[in-house]
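Look for subunit A in each of the two complexes below; its partner is subunit B in the first and subunit C in the second.
Coming up: the complex of A and B.
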């Protein structure tokens, strides 16, 4: 490469940095947006059902019903409220004041001694995931109550199998610990592709692309000059996000920083490449912006495995997720944060990210030729 | 006045729909997303990879292992023969759950001592972990009950009779797909509206518009109505798909649903117009749309319950129109909620429509 072309590239870079400096919205996208989003999401997104308001109905309260209901009072998962009749509890559920009803009928104590006493449980199933978690908690309370009763009466427990549960890598089963690393991937997708999606489209729309074309700079120079400053901005946003995750949300970071940096670099190149590709294909900020949202943010949110388990999706959809760069980044981040440098996960996912970065950057290079339509 | 507004509406619709690319953006991706997300966004567990370490190898433990292998929630990867294999399987994410059956399992069962089973689960996705443990516990409890029954053991004195109201099969698609009505309607409406004024301002045609005999109310209506129209149409298509394609039960009335929908779309239009009149360039408008849209999706209850959020964040969701519309659309679909029951959701959206429209009108005059 000659000295002259070096100078041209430096000139272009200077232009891009000046442009970013003058339009604060790029800096806002790179730093403010990730920080605000991570704060909002970190506090806002949680799947941990705690203090679930639940209605307790004991039609004829006595020592037996009391011993069962007391377990709801002690449970961290429930916030019980007592109702005298099932009708009133039903009403409360209809008004969304409680998310479930536990209903013990009048002859409970007698049935308990003569046969099998039914305990009615009605949960609001609209949010199926939440309902299932609540069902699980009720089941746990029931199991421990039955076992405790058998022990008191000194009879063999009617539940012959005892289960010991171990949750690895996240012993407190905090959903924040897996959501926050995933959120970083979603946010970086957003900022990375949004940052670059508009920049080339803007040059086309304002007619300055033609002005650049008549100079001696090459298309490669133009792309590199667009890429470098936004890459630096993006990495800055990434560093801010990791700092927030570790210091503010207390997510453990067990893996090494170097793996984190390597993965972020490759991922950011892929995201920026996608933005450049969109940008040079659309040549129109309106369309570029829409495509960036629709092709980058929403799939990263739903198809990356950050929230919804990829393994549970139908096979054709699982196939589609392979085209989402965020999927690989989410996998790396969750493991590097919570487990450590597990090479059997890091290496294949990094390889996929490298392939995607090469593809997007190469395609962006091919799409942007010096040519007027 | 209406002729002028109508002329502007026609001009806006033409500007959006004449451009092949922006037409495609409005029609193609939302429909693709509806189908893909409708299937992808599920919390239900299917074929979770599990491994079983059976250290007992007798009839009861084989029966228990077979129950795991036969469950549609699980897919057995391998039968392990030593505990050392567990760590690698879970760490590399090949198995999500390992069921380890104690070597004295059958002996303990016969002696009426608690027979031990260990469940080791990958907690990296804590929700999947909890659900998988829930399914596994149900399988083990069922096994225990039937074993006790066959071997003259004691019956538990009380039994749970669990029912899920409004969604008896606990199908999370019924929860997500109505949510997508709100999600995509908001995305499309906001994008159409937010960029309209900014585009004209960038092209310099906004000043031309201001020197026409149109009042700012006319311009506001002319800019807002196309978004309203496109948003309502898009929502209708998604509602049809939810009913006919995804077979989500629709128990309530369409009038109630559309009352909610219109209020929601106008509130979003008002917000879009505010963003649009505040921004000088399309990039700023897009950034503004984003800064509103992303938090409003996350803090709406679309994917994660509002009740799980901290109190302060819960209060923040009160100014989010999508929060109310999600309750309306899910209420009408699944609960068959009536207009009256949904009033607490409808009036905040009406209030937001009023406030944002007035604010947008004011901003128009100021910035125009």
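Coming up: the complex of A and C.
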């Protein structure tokens, strides 16, 4: 590299930083949007069911039904509402006021003493995930109530097996702990691919790229000058996200910072490579934005395993996820945050990320020619 | 193999062909172009939009790949070693290629870094360029906050930051005010004379040909002619005349002259009709002028545009003008004002886009708003169409106050937007159908109007063609037809003919003239000095104000001097701005 090329590169880099500093939209995408996403996912979106409104119908209330229903009141998962008849409870469910109905018939106490006491549980199956959670929680309440009653009455417990639960890796069973690390991958895709592709498309749109090209500048200069600032911006966004995750949300960070930084670096390079590749094909901001969202952002959101478990996807979709860089990064992030530096997971995923970074950056270099056609 | 005349040629263009494929459709941008561009002079690459000027410029810079042929720039094959070409030339693309969020100085620094200007040489070069462009007081201002003329000069300064052997300017003067245009030409003259630089400049303004040392005239991917601009005008010697009639209205006179055998071209120019005779007709004596008694004919200086029209006609571009039936002329003085604008203002933040303007337009009149980009023309238009509320002032259109009867007024208005706003993916017929429905036409009336539009504008052969595939001139016709579907009394035309070739422009203006004769009031914005001459009256706008208003003849007459007995519209415009600036100072 000659001294002259340094001069060109320095000029381009200075320009790039000045533009980032003066353009509120790139700062917003790099820092404000991550913060909003993190707060949204950290506080708003949760895959846990808490305070689920549920209807309780006791057709003839007595001491038994009361002690059973008290369990719902105590449970952190439910917010029970009492209804006198099943018809009213059904109506409340149709109005989406409650998400399930627990129906205790008039003969409950009598049947309880004779042996079999059925209770009716109706759940709204529209949201299958939610329905299953509600179902599970109701069952849990019911079994623990039976067990407690048996203990009180000193009669042999009708359930011979008792479950002792241990939750590994996310002892608080907080979905936030699991979502926030994955979100960092989404955020870095945003800066690496979307922002970079749009910024270059803007140069095409405004005709500045054409003016740049008729100078001594080389395509290598142009690519490097785009890589460096947006790499720094992406890493800045990553650092801010990790800080928010650890200090605001109390997500544990059990692995080492160095593995986190290494994985982020490689992933960001792959995302930047993708952004550069998109911009070599799309020369207006609208198209560049669309492609980046469809090819990078949405897959990182849906197919990376950050929100939906890859193992439970249909096989062909699982196969597709292998082409998504975010998938490997999410795996590393979740491991590093919640488990620690587990090399058997970190190493193969890192290797995949390196391969993808090399592929995208190489393809971007090959596709970017100092020409307009 | 070295090509001939290498010593005196800056650029050699040999059998260059270039096609683009877009959406499965191939467009021939350049179809076998041969040219030689001399060193040390200004060469103008002149032609309407779509002629292939930008493609040729980009090929010269090595930004596009040739399909076939060869281009040699300063002795270098631009296809083989584009980087060598790019490091020797200065290039200003359309829209100047500036970073609007960087300051003047930062833009200069960037291009100096990219062109590897040594740090030691920079202070002197910057000082020189800033002085030359008059940008010294504005070095810290962001490029995006500069006026159009200043951006153009900054773009030029960036292209010149390392003294190039060849300067390429792609449409540097489009849309900028005439004062900036003249200043740019002053700079170009100076650098070619003082530094011996070679300049190649593209433009769609035919009147700029006369300022070049050599001209390449392009049309639809082919070179129509090349040489000294005087060779173009010399070929037309003795064929241009100015016709004035005492009793006949100029538009009717033009119609009849255009239909007269031996007349190649007839256009309205202020109060006269300017005619050009065809090649076979040697003198004005041979032409059967209508009403010989009342008509005066006098020779006029040939113009570059005459030759262009002549060449296009020779290629069969034109068609014989048919005499249309016009309604009997309205009694003089009967026309009432249909557009009245009083003390109109429009403010955006603390910026006045339109600042206290007043004018009125009579029925059947063609009124022009002339000014550079940013003068306030389009803002005025949007307010007249009821698309933008006025900050203050009165606006009456067809008798309705736009403050409270916007929808009613709008029914009487036809509007043809800049760039035509057609649905490119719809066919011609579907565009007409859509626009007529949008104006509330249905059933038999709609069918009748579509049939009328297809016949009147000769669009019938293209009825099923996709609009975006139409030639520019036909797009323009279709846009006009769409704006006329509901038979409006008033029609607004925003920059209707920028970039189209002279034949298409003539066709377009012929329809406008006919509409005006039928009593339709026409309001036109333009930054094209020549087009202003087609209007009955015009208002010259700059910085949101009207500087002068009246017939083009009377505005020009105000700036008649001993050394400039017949000022052009542009000269009058410049003199007017200078006068206003002197008053302000």
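The criterion applied here is as follows: the second predicted complex is superposed on the first by the 372 of 373 C-alpha atoms of A that agree within 3 Å, B and C clash if a C-alpha of one lies under 4 Å from a C-alpha of the other, contacts with A are read in each partner's own complex, and residues count from 1 in each chain.
One rule holds in what follows: a contact is a pair of C-beta atoms (placed from the backbone, for glycine too) under 8 Å apart; a residue touches a chain by one contact, two chains touch by 3 or more.
Computed from a predicted model, the values in this text were never measured in an experiment.
Visitor: Check the residue A:303 against both partner chains and state whether it touches subunit B (first), subunit C (second), both, or neither.
Guide: Only subunit B; A:303 stays clear of subunit C.
Visitor: Contacts for A:118 in the overlay, against subunit B (first) and subunit C (second): which applies, first, second, both or neither?
Guide: first
Visitor: For A:7, decide between first (touching subunit B), second (touching subunit C), both and neither.
Guide: second
Visitor: Kindly classify A:133 by the partners it touches after superposition: subunit B alone (first), subunit C alone (second), both, or neither?
Guide: first
Visitor: In the superposed arrangement, does A:19 touch subunit B (first), subunit C (second), both or neither?
Guide: The answer is second: A:19 touches subunit C but not subunit B.
Visitor: Once chain A of both complexes is superposed, is A:211 in touch with subunit B (first), subunit C (second), both, or neither?
Guide: Second partner only.
Visitor: Is the number of subunit A residues in contact higher for subunit B or for subunit C?
Guide: Residues of subunit A touched, subunit B against subunit C: more for B.
Visitor: What residues on subunit A does subunit C touch that subunit B touches too?
Guide: The answer is residues 23 of subunit A.
Visitor: Which positions of subunit B touch subunit A when the two form their complex?
Guide: The touching residues are 19, 21-22, 25, 29-30, 33, 36-37, 39-49, 64, 90-93, 96, 109, 112, 114-131, 133-134, 136-138, 140-141, 143-144, 147-148, 153-168, 170-172, 174-175, 187, 191, 195, 199, 202, 281-284, 286-287, 290-291, 293-295, 297-299, 303-305, 307-310, 312-313, 327, 330, 334-335, 341.
Visitor: Can you list the residues on subunit A that touch subunit C in the complex?
Guide: 4, 7-8, 10-12, 14-15, 18-19, 22-23, 206-208, 210-218, 370-373
Visitor: Inside the complex, what are the residues of subunit A that reach subunit B?
Guide: Against subunit B, subunit A makes touches at 23, 25, 28-29, 33, 36-37, 40-41, 43-50, 52, 68, 93-94, 96, 99, 108, 111-113, 116-133, 135-136, 138-140, 142-143, 146, 149-150, 155-171, 173-175, 177-178, 190, 194, 198, 202, 205, 282, 284-287, 289-291, 293-295, 297-298, 301-303, 305, 307-309, 311-314, 316-317, 320-321, 331, 334-335, 338-339, 342, 344-345.
Visitor: Name, in rising order, each residue of subunit C that touches subunit A in their complex.
Guide: Answer in residue numbers: 20, 58, 61-65, 82-83, 86-87, 89-102, 106, 109-116, 155, 158, 168.
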